Amino acid sequence: MTRKPAIDPRSGDVFTWPVRVYYEDTDAGGIVYHANYLHFMERARTEWLRHLGFEQDRLKEQDGLLFAVSRMLVEYLKPARFNDRLEVGVKILRRGRASMQLAQDVTGQGGERLCTATVRIACVDAFSLRPRPIPSVMLKEIDVAD
Amino acid sequence: MTRKPAIDPRSGDVFTWPVRVYYEDTDAGGIVYHANYLHFMERARTEWLRHLGFEQDRLKEQDGLLFAVSRMLVEYLKPARFNDRLEVGVKILRRGRASMQLAQDVTGQGGERLCTATVRIACVDAFSLRPRPIPSVMLKEIDVAD
Amino acid sequence: MTRKPAIDPRSGDVFTWPVRVYYEDTDAGGIVYHANYLHFMERARTEWLRHLGFEQDRLKEQDGLLFAVSRMLVEYLKPARFNDRLEVGVKILRRGRASMQLAQDVTGQGGERLCTATVRIACVDAFSLRPRPIPSVMLKEIDVAD
Amino acid sequence: MTRKPAIDPRSGDVFTWPVRVYYEDTDAGGIVYHANYLHFMERARTEWLRHLGFEQDRLKEQDGLLFAVSRMLVEYLKPARFNDRLEVGVKILRRGRASMQLAQDVTGQGGERLCTATVRIACVDAFSLRPRPIPSVMLKEIDVAD
């Protein structure tokens, strides 16, 4: 398996969100607990949607829809530690009718990649949790970078 | 402040639930993260209610009620560490119309107290989150030890 | 028990830190999970120390000391929900030789108090976890408001 | 992508560990938060190693080694909910000199698969976090099923 950056830093299409590592994020190995990178990535996706003009609480209440992770490939390259300041990237790779695929990188202060993921997000009904089409107003904002 | 055991081990009225410390529970200090003792205590309260015959998912769906922590005094006496096997106690101290007060201790394998808490649980409406009377069928089961 | 604000908003001595509620912070009751307010409070304490010039990773490595919660009284007044933007306050109440007592409030966007706590923080040896005097350089910075 | 069970239930080589869903595991969507399945899987791996005779706290102290997740492919098939009782499986797929690959399934009470993962675990030095050979005494116990 080659390790090409999932998110190309030369592209202008990457949304990034800063995250600070607190004690809550670490484990007794002295590093960030592996599951907690998923928290960081979800924060960045939330802020990316907010940046595009979409608030998920309103999407749930007004449109009855949720975005749920349906598949995730995560690679842990280097550990992040307590007090580190990280950047979490979001870049759209593919956009389907009811799902999208994102590349997400977590990088350290020196720009080194610590964790990289490909994440498939499904648009689902908030009640039944069954797939639903992504609203067209949203599709317009989510452009796939070339 | 004196440090009398919140739960008297000589009493027969203590419900205890075993908890194993996994990596998820620890932090970079090498010990259990302080907020995670609250997880352990909530697991023990859930199992105590189950032991008394009450399933909280059914209480929510059928009776529209939740139990929520409204106040908590927690003392951290000694740290728990990765891989420790703990016991978490639940003992009812006081029972009101819409709330109850519990004593909860977390003890280590040698019986030493690591963390002790007094927890007030409110019975609330699952939708409005406003106080509601504890169901009478439940009050019968929740006896206050003397 | 009266419910005087633990942190007086008219005082200039309150450090505040913004926190956004993400999915990771909520539970199936639709609100912030009670233990997760402790995460928010710890983030605010970390940023308060950073604001005063103290980085906890350096304190651990160079001075071999940690700050650990030794006692906490938490009151849950109103629930916070997904997507809420909160403010978390830190105000020092008392300062001992090896510990300090802080008032911490979590407030919502309208300024309403959601959760209030009194937290005792102990300065401990990073290895033995036994009490240690707070460094004098730190004591100078931590002034008790009147 | 076909969805063959990562863990073959007909094989005798699957270690399973029960997990109960508590409030701490859920989110405001009413279901288990996606990152928390990784907690469940790590608990099962810990118990699997314990079952084989290996305690990770001793491995760290005596041998100076840790097991760390280096890569993970997770598929979320159906949501788990508050109060569900789950089974988490561990089955070894491949065994290298310094890493192993595991299949892990989370199944519900009716045996339905909710979440399935392929997890690569690296054996690393507890201090430097660099790859280290898996101890030979351990390799003997970790047999790859055919």
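The first chain written gets the first letter, and so on, giving A, B, C and D; residue counts start at 1 in each chain.
The working rule: a residue touches a chain if its C-beta (ideal position, glycine included) is under 8 Å from a C-beta of that chain, and two chains touch if they have at least 3 such contacts.
None of these values were measured; they are calculated from a predicted model.
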Worksheet item: Most remote chain relative to chain B, going by C-alpha centroids?
Response: A
Item to complete: Would you mind telling me which chain pair, A-B or B-C, is linked by more contacting C-beta pairs?
Response: B-C
Worksheet item: From the C-alpha centre of chain A to that of chain B, how far is it in Å?
Response: 35
Fill in: Chain centre separation in whole Å, for chain C relative to chain B (CA means)
23
Worksheet entry | For chain D, residues that touch 2 or more chains besides their own | 23-24, 29, 31, 35, 39, 42, 81-82
Discussion item. Going by the contact rule set out above, which residues of chain A touch chain C in the complex?
Written reply: 20, 22-24, 39, 42-43, 46, 55-57, 81-83
Worksheet item: Within the complex, which stretch of chain D touches chain A?
Response: 29, 31, 34-36, 38-39, 42, 66, 68-76, 79, 126, 129
Worksheet, complete the sentence: Counting only contacts in the complex, chain A reaches chain B at residues 23-24, 26-31, 33, 35, 81-82
